[in-house]
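A, B, C and D are the chain letters, set down in written order, and residue numbers restart from 1 in every chain.
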């Protein structure tokens, strides 16, 4: 495994992952429109390609060729920079996510993960926290009241829920004993999914899920782009391609969140594996994709069912309920683990 | 060593000596406290009874006394000071010397008390005056009866205090108050010398008790060469005596003391207090005998004072001033006597002087009383007709002081002159100056006599001679002497004043006879064991012829002194009776000298410029302005001003501008780092 | 292997830039940021020395510096808002009430 | 390799720092500061202190700088206008800083020329750091927690409007500002 082969493999892996991510983003848009339609008892996009499968492609083309208006009063540099920041940080988050066990093609066996950092989870957290800049600067640089308000609200919300998100992850770390995502998944062998560590694992999961939704400005917490109030929130002034970028950033964040929840709580790629080695290395990926799909579906499902939070309710809920719950859960798991490590910890 | 027979012996008959001083004290206390409210007669009775009883007690003690008998000792001495090996007790002691003083003080004092009852009745501070007089008696008696120097010193200071109070009795008068202060301060200067002498005694003899000290002194050899311990003690004692008895350097307070009422002048500044110095010198004669140097100094001071004061006396116009200077000169005589180791002669003259000088002052008092407070002799004249009693008593006194035989003055003064002539410590010069002073004394006394009693009465009833030299004194005095005014003709004083005059006249007539055949000298012999007396009464009687020669020589000298007295009488008679114009002509011719004498040789002005002015100027210019203002205040104020300046400059640093603060911090940081690096590198 | 001095040099540069920022800049927020920059410079030297002496406590110290910086930033920004509300300006030269 | 990466990140750091000085608009200097912090995280990774780097990104770049951006946005701070009010700062401050830095540099040169640092010299693994933090440095840890509490309360009190009747919640200052903004928004 010389440096060269390592470089080639990592390039191949990263290109593959990014491609898969982008298509997943595109088709999650499709998925959302189809599912939301079905929820609303209608069909959604069906004309473009069978079951509207080519609709995302159509939208992509539309976004590329649409006229990109940049208003004169905007703060030019940051106006252009913010969507890029948002997309870049959203996508880089995927680099640490492991989606499979390992695969051996010919002489080379490599892990189905771009890179395995022993502080993987922290990196993800760091990158998501950096994502706030995209939103904040977008709101500020477009120099209009609505976008400013939208941008401030979004970043305030993201910052607030980042705290509870971080605290909710710690019980998982206590059980797993390491930041590395691969370690966390390996600790969940034989259906010891963290989700099933009643009651702490489940509570941690739900807190994580809710704060993750807030992080990605989705569903009940999608106040910033609330059409009814703030026109389009922080990306009011954006058109065409930059708008698309924000969309991509949002959906890739959703994918990241989905992946994380599967990895941390539902045992990632762990699932019954059988058949020849090539199948054995691909089946985990299949399990992983199934779980991620489920969460994506959950996203869309929640979005089109729950009403939107008012802003102060949102903040109050975040600080007065979610954060204390996370802390209590953390303390209890720590106590329980410290009290009976042999039951809880898997060595 | 057999106890020296002539030293004061402790073991004498016991007598309650402490009663004598305590009685006047009780009188003073009672009058002082209850005087304001009690009636005049009550005050008078208390003021007279207590000293009278003391006088009676003294007489009773004197009766049981003779030259051979041992001195009385008050043995119940109360412990007063016990400090290490030094101790001093309240111990009283009566021997021949202090008996004489006791009799003089109580006798003359009592008479003056009676006199002042008449003189001061109208004065509103009457009770205060009487209590002060009694207080004075108490201190004088303690001084006289004291058995150790410390108790004597208490009397010494007390007397000074009493004189201050009495001189400044009319304290509303500025001149009186100033005179009181002057007297007190000059006395204090003298006391300073006296104190140092006491310290020396303590240091060398570890005690202040007479018997103890004199025993140790007796054992020491006479100091002939240089200034030894005894000489220095002697000199310092002399300084104290000079202060108290108004000798040359420190006499200036006595003439001013005339501001006080006349009985005060009589009692304090003639009879008793001023003689304290002579008594002290006499008491410590053993020290002086062993310090010939000190002795001659005493003699020299005595003679000089006598001559000097006498010359001033000539030109004075105020009757009391003349008497004051005559007192100073007579005291000079006493010190001259002590100086030539004729202590008994000195004490003898002290006694006689107390009689006739007391009489002179009281007579002058009644004269002033009579003419309505007028003190200037030029305003008087021809009072013979108006005040016959005063005139006759004053005549006796004048003749006595002039030294005309058979009166007291002749005997005592002649004794002193004789002693000055033949005493081993004396010399012909003292005798010669003594005779000259005698002549001047008789001259100014008869001048006073003629001016006051002969010629016609020059004082108009209500005329105010503004041009008079001491006009203010005269005017002030007028104010006080209520009954002076509006009397028109001068009148004779009431009997209560004349009584004492008559008694004193008799005493000054008879007083001298005690001294015939050395009577007085033999009486005091046990104290002074004066075997060196010229006649050598105890000496070997082999040279009968020598003694006979001495007696013949003494007769000649007596003749000379009497001649001097008569000559003075004649000259006064000539100038102030026959040819009244002569004095003014003479005065005009030798105006320079005359002015000097009239102005008392400008001694007061000299002292003022020599001591007072520099002291006052110095303290104000140097101490007040120089040190206090320019040094102390200046430093404080400057410090404050400098602080304000500095803070004013620094204030600009706090400009409120954040970035300038940062600039200062950065600069400071750089400085600190630079220093540390520099230290590190060095 | 890099000589330690490089890291110290870098942190020194950062620190000096922070101080200069503090001195030159007029906007309160920018001054505040230059303080943060100074702290970061210090953090770097902490980590560099920790690595050089192989003592983890250096890194622990970085955490504490961060905590303090966070606390300071919170309070500082609150003050800046309060200043802005009363002064309507962020220019530090105009915020000089202490001026005589 | 180590040198290249070091110089790369170092360069970014210095560029960011200088940019902070030069930029006239605070938002730009804020962003340049974020860049500096991110590159510092890179430097920490080079030295092996990965946990510190992560925390640096999350705490410094992610939270504190966002606060700064927030404040700038809230107060819509404009360009810096030239008010040359304090000459002292420039004439005294800058030379002072220059001298100080020259001296320090000179001292460092003289004394620490020898020491050098390897790539990943000290792996700052979370496990060891946690071990150290919660054993040896427990007291400072607790004290800093109290410090943070005080800071929060201070920020809330300072930032809250004097007449506002809103009960000061224990919210993060950021949230507090947001609520305050909303309140002001409603007012306007």
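Following the convention adopted for this analysis, a contact is a pair of C-beta atoms (placed from the backbone, for glycine too) under 8 Å apart; a residue touches a chain by one contact, two chains touch by 3 or more.
A quick note: this is a predicted structure, and the numbers were derived from the prediction, not measured.
Chain C has its Cα centroid nearest to the centroid of all protein Cα atoms in the structure. Here the largest set of C-beta contact pairs joins the chains C-D.
With centres set at the average Cα position, the gap from chain A to chain D is 28 Å.
Computed from the mean C-alpha positions, the centre of chain A lies at a distance of 34 Å from the centre of chain C.
With centres set at the average Cα position, the gap from chain B to chain C is 95 Å. Chain B has its Cα centroid 125 Å from the Cα centroid of chain A. Among all residues of chain D, those that touch two or more other chains are 51, 55, 63, 70, 72, 74, 85-86, 89-90, 93-94, 97, 104, 177. Shared contact sites, meaning residues of chain B that touch two or more other chains, fall at 655, 657, 659, 662-663, 666. Across the assembly, chain A contributes no residue in contact with two or more other chains. Working note: touching chain pairs come out as A-D, B-C, B-D, C-D. Remark: chain A residues 75, 78, 117-119, 122-123, 125-127, 129-130, 132-133, 136-137, 139-140, 148-149, 151-153, 155-156, 159-160, 162-163, 166, 179, 311-312, 315, 319-320 touch chain D in the complex. Across the complex, chain B meets chain D through its residues 655, 657, 659-660, 662-671, 673-674, 677, 680.
Residues 1-10, 12-21, 23-27, 29-30, 32-34, 36-37, 40, 43-44, 47-48, 50-52, 54, 56-57, 59-60, 62-64, 66-75, 77-82, 84-85, 90-91, 93-94, 96 of chain C are the ones that touch chain D when the two sit in their complex.
Chain contact summary for the complex, chain D toward chain C: residues 2-3, 6, 10, 13-14, 17-18, 20-21, 26, 29-30, 33, 36-37, 40, 43-44, 47-49, 51-52, 55-56, 59-60, 63-64, 67-68, 70-72, 74-75, 77, 80-83, 85-86, 89-90, 93-94, 97, 101, 104-105, 108-109, 112-113, 115-119, 121-122, 124, 128-129, 132-133, 136-137, 140, 144, 147-148, 150-152, 154-159, 161, 173, 177. Of all the residues in chain B, the ones that touch chain C in their complex are 651-652, 654-659, 662-663, 666.
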